[in-house]
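Chain naming follows the written order as A, B, C and D, and within any one chain the residues start at number 1.
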Amino acid sequence: MSQLLVGQTLNGVIVGTLYGIIALGVTLTFGITGIVNFALGEFMMIGAYVTWYLFDIVGLPYPVAILPAVAIAAGCGFVADQLLFRFTRNNLINGLLVSIGLISIVEAGALLLWTTTPKDMGYVLSGAFRMGAVSVPRMKIVVFALLAAVMFLTYASLSRTWIGRAAYAFSQNPEAAMLMGVKTEILQSGVVVYSTALAGFGGALYASLYSLEPAMGGLYILKGVEAAILGGIGSLIGSLAGGVILGVTEAIGSIYLPSAFRDAYGLVFVVAILLYQPSGLFGTER
Amino acid sequence: MLLEVIELTKRFGGLTAVSDASFSIASGEIVGIFGPNGSGKTTLLNLITGVLAPSAGRILWKSAEIQGLSPHAIAAAGVVKTFQNPQLFLELSIYDNVAIASHLRLQRQFGMRRLAELLPWRDAARHAEVVQRIDNILALCRLDGVRDRTAASLSYGQEKMLGLAMAMMCEPELLLLDEPASGLGEDEIRTLEEVLRDLRDTATTLCVIDHKVDFLARVADRAIALQQGLLIAEGAPAKVLQHPRVIEAYLGRQHARA
Amino acid sequence: MRRLICLAILALLASPVAAQNIVKIGQIEAQTGANAIYGYMSSQGLALAVDQVNKAGGFQVGGKTYTIELIASDTRGDPKEASIQLKRLLETDGVKFVFGPFLSNVFVTIEPYAKQFNGKFLLMGGATRIHDFLGTPDHDFLLRSWNWDAGPKGFGNLMVDRLVKETGAKKIAMLFQNDQGGKVLVDIYTPLFKQKGIDAQLELFEPGTKDFSAVLAKLAAANPDFLFPSYSDAHLYDIVRQATEGNYFRKFFLVRGSLGPGLKNKGEIDDYFVYVPKYFEEAEKTDPKVAKFVADYKTFYKRDFPYDQAPLCSSSCYDHLFMLIEAMKKAGSVDDVTKIRKELLSMTYDGLWKIRFDERGEEIFNFDIVRMKRAGQISVTSVDAQ
Amino acid sequence: MKVLLWVPFFIFPVLVQSNFILTIFIFSFILAIAAVSFNLIFGFTGQLSMFHAAAFGIAAYITSLTVSIFHVPFWAGLLPAICFTIVISLVIGSICFKFKLKAFYFAVVTLAFSELARLVILNWNSVTNGTLGLMVLEKPFVWVPAAGLVKIDGPLSWYFFSLAALILTVAVCWLVLRSWIGRCFAAIRLNEDLAQTLGIDIFRYKLLSFTLANALAAIAGGLYAFYTGYIEPNYLGINQSLDIISMVLLGGRSSIIGPIAGAFVLTGLPHIIDLSGEARAILYGLVLILTILILPQGVIGTLEGWRRAA
């Protein structure tokens, strides 16, 4: 039983980082543009399908296939930002509803292109590491490493570079930041696009683990948002931590309790945290 | 004593905004609290009206403790404040702003009988005397001209007057005014003084916070001087203004210039 | 509001009056939404068939040539939509033949209304719950276009039988998505396993779940002989991969799934025991009709032929149209539904499938059981259900 | 004046005998009840509640189950449903508002609670038959002055029954919103801090708004279950919530009757103009986005705006 526990905790951590990358996008977008971009899941879906297409149909090697996937996701992100999100800055409810509209459009587009039939990408790397009864699929470890790296880089660049400090300053106090000469429009668009790129990257990795269907984005964004709230919206480390906690909660929860309620375990946790500390685990009082 | 503030202290992290301030306000008087910016005046009001919770000390309203009560409860008890930069219901008309403020009055007057308003054949806007009162207040505050414009369209001075009008509509026993004169033009200040006089005539106790000394000197019966949240002098305005620590702390520069 | 009313009235007037030699075929299937797989595929098969009939210049009945007008509506699996659409089909458009639904929730919602039109139209649906209404009074309009796992004649019984005989399985782990299809399978197979003395443990998961390792590990802890996972490839690919990669299971027992996931992980699989209505990968090589169908599908939809659940619904729905036309010819009428029904029940149609209906209107067709052993050696047993 | 707006609805069924069109209207009426009531908490109090579909669905289940288990008339089933909805709304509302959850956080927590409710109903197989749902074959009876006890069955009776329920709902909302309660809702929507200093108990009035909205949604749920003749866990699903929100936005969140228009458009349009599933989803998305970006006050809201301006 203990080995089962260890194995699934590890697994939960890995799954959690995948939630975390979306959560990171959610947190960044919220911090800078004041809206929760529920359509992030769709950009993840785009990234995933593009990767699948380039890898399975075109036959590019996986690492090569990832880059255009991210680029395309980011491109769509840019278009969406210029056409839609530009007009919903700092209007949480409108932003929420616009992204819901966008979800319905993108998902329908995916249906037209790829149908409901699931696409399961050829295995990039199969098999698993085994230590006793504990076994972790190789690809999952790779995905974990890549995600962790990207999140760390994001964190580092946001805390070190000028743009990062500008973004932080802005999220703390827009007026002051603008006085300091932060170009609001560019900064906001930049962050929206970057978060969609992150989602696209998440999607590209997702495609190497799971089968794809047009609805995947809608199902995934909820987890991302839950994770972001758990960790505390506005906190970069929090989004990773939140994702991991969510992943582990679900894994452990569905071992000791009926897995039919798996999605509930995360939610209960989120509610508990919100009531106990509204700013989330790592969030700053807002 | 209407209101007693006893060793009231408020700390924000390291900084102490109000450090055991003690004073009291008697019914019917106009008390002026003054001090330089950042001397904890606004914090003091927020503590009294329950917007902030004190770190230490007690607040007695009619000798009953009210610290820790929620703002609406304190307002219902009869302590209402205005905002330094006016808070309004921007989308609504001037009239509706004040109408919303009639909430407490109706609550006191009718209590649960307000449910009768829900009856279809009863006209909701039937409280003739309330409507009358609203119009009086608007007239008094020189807002009757713009009765039906939206609050968003007002000038800063008018906004402040509307804020005051709404506070008046609550018919408080103690009205706390946060820098009512700041940003007002000369004649607007004169209007303000008229309004304050009217209020005192309707037996409303006033506590005016301001750094405009001359204004306070004109309206206040009694003055309290704060510095860094510390109460440094109390008494008749003229006396307090002469108080050495006040001069040193607050009027020093002006004297030097004079 | 008035504008809306006008719109509605306009729509009412605009709706076409039954034209002379057009046969209207209605379809109510979920083409989008969470439970759309079956509905989506069957609507594709039907659309393809209709296109072919009309391209061929229609069909002859009683000296007249008829073409087909297909009115396909998307229920999204929402009972509300379906009940509106069926009313429109039957009352406004005067449709006499309705294909679908595959979803039980949709069917039970429209059933009370539909039975008022008993004898005025035919409904050819795949929903499991249709089975309960077949042969009951005022349900002559029902035909169940998909045979069912339960009951002595059902293939469920037969599958479990073979499982026990061929593998001697004693203990089985069931893992289903918590949706209609999953619930149906649970209700059917739990008692079946009990009869056969197989001890079955059950776990459900929310549709949309992608990572199963936790629940798989949990199930594997009691080390059962077989895993009986889901029914839809949307989950099968993930479950089979994770089960084998994590070394939780190497033996699988499936109904309504496809061979795809098994083949993809064949290196890691000892036994993959699956009910496949028709083993298309093979049939395409041996049976010219199937080959033609696959080719036509590819050209019509300009996309590759999906070898998962697609064949099951698209091809059977494709057949049903031609079978219906045949029945019309035999009956010498395109609107006498009682006659046409009698013909349908008495005939055996030999298309992509060998189809016949039993006296209650339950469809019976032959199916294959495919068994893949270690290293992907595949053995196919064709079962003649006729 | 506004009353005249309803007249066409009473003449309409006489003009149109089509069962198909009437069905669209009946569903629109029932969903409009849910939308109008949702607008109390969303449009007028400014709190985005995601619990609305849950209240709708829970009531649908309780009503149907009570009726089918205890063999009591529809009304005896609807009453406990409404009561339970009120209780659960008070509990959830108290939790959310005591902890001062605002905007997004309120939405998320209410969403969490509604998901929990859905999962319970989904997995409580012995009672709810899980995802396969239950058929509801009983019909409500209504006492009508001239005709006595009338069985609500068939399109016409359902048409007037649901229309009556809708008018009742609108009347309740109108009476509440024109009273001091409506002023308190507006105060909370526009400026909570100010509302408090003016002596408005925002906790109490938020709770009132949330509970009242859900209670009215419960009525919609009961009607919906009995008209559709079927209940399933999807009634509590997030998509149901989103549909209701879209109806409100489309019609106008600043108007009482606006959501009715929204309900009609979203229920009727897909059947009036034929579209493939995908095309409809795209259209739905576009409509939603364009309303928010171009008509933030919604169709009716904008019209009313013009009337006021004129």
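Just so we're on the same page, contacts are C-beta pairs under 8 Å (C-beta built on N, C-alpha and C of every residue); 3 or more make two chains touch, one makes a residue touch a chain.
Predicted model, so just to flag it, every value in this text is computed and none were measured.
> If every chain is reduced to the average of its C-alpha atoms, which one ends up farthest from subunit A?
With centres defined by C-alpha atoms, farthest from subunit A sits B.
> Per-chain Cα mean versus the mean over all protein Cα atoms: which chain has them closest together?
Of the chains present, the most centrally placed is D.
> Between subunit A and subunit B, what is the gap in Å from one C-alpha centre to the other?
49
> Would you kindly tell me how far, in whole Å, the mean C-alpha position of subunit D lies from that of subunit A?
For subunit A versus subunit D, the centre distance works out to 33 Å.
> Mind checking the centre-to-centre distance between subunit A and subunit C? Centres are C-alpha means, answer in whole Å.
Computed from C-alpha means, the inter-chain centre distance equals 36 Å.
> Please work out the Cα centroid separation of subunit B and subunit C, and write it as a whole number of Å.
From the centre of subunit B to the centre of subunit C is 74 Å.
> Listing for subunit A: what residues touch at least two other chains?
108, 111, 258, 260, 263
> Would you mind listing the residues of subunit C that make contact with two or more other chains?
32, 36, 178, 204
> If you connect every pair of chains that touch, what shape comes out? Choose line, ring, star, complete or other.
Topology of the interface graph: other, matching no listed pattern.
> Okay, what are all the chain pairs that touch?
A-C, A-D, B-D, C-D
> Under the touch definition given earlier, write down the residues of subunit A that touch subunit D in their complex.
Counting only subunit A, the residues touching subunit D are 36, 84, 87-88, 92-94, 96-98, 100-105, 107-109, 111-112, 225-226, 229, 258, 260-261, 263-264, 267-268, 270-271, 274-275, 278.
> Can you list the residues on subunit D that touch subunit A in the complex?
48, 95, 99-101, 103-105, 107-109, 112-113, 115-116, 119, 122-123, 242, 245-246, 249, 277-279, 281-282, 284-289, 292-293, 296
> Which of the residues in subunit C end up touching subunit D in this complex?
Those in contact with subunit D are residues 1-2, 4-5, 7-9, 11-12, 31-33, 36, 73-74, 76-81, 83-85, 87-88, 91-92, 104-105, 108-109, 111-112, 129, 178-180, 182-184, 204.
> Using the touch definition up top, name the residues of subunit A that touch subunit C in the complex.
Touch residues, subunit A against subunit C: 1, 4, 7-8, 11-12, 15, 108, 111, 115-118, 120, 123, 126-128, 130, 135, 137, 209-211, 213, 215-216, 219, 250-252, 254-255, 258-260, 262-263.
> What residues on subunit B touch subunit D, complex-wise?
49, 51, 70-73, 75-76, 80-81, 83, 87-92, 96, 99-101, 103-104, 106-107, 114, 117-120, 124, 166, 170
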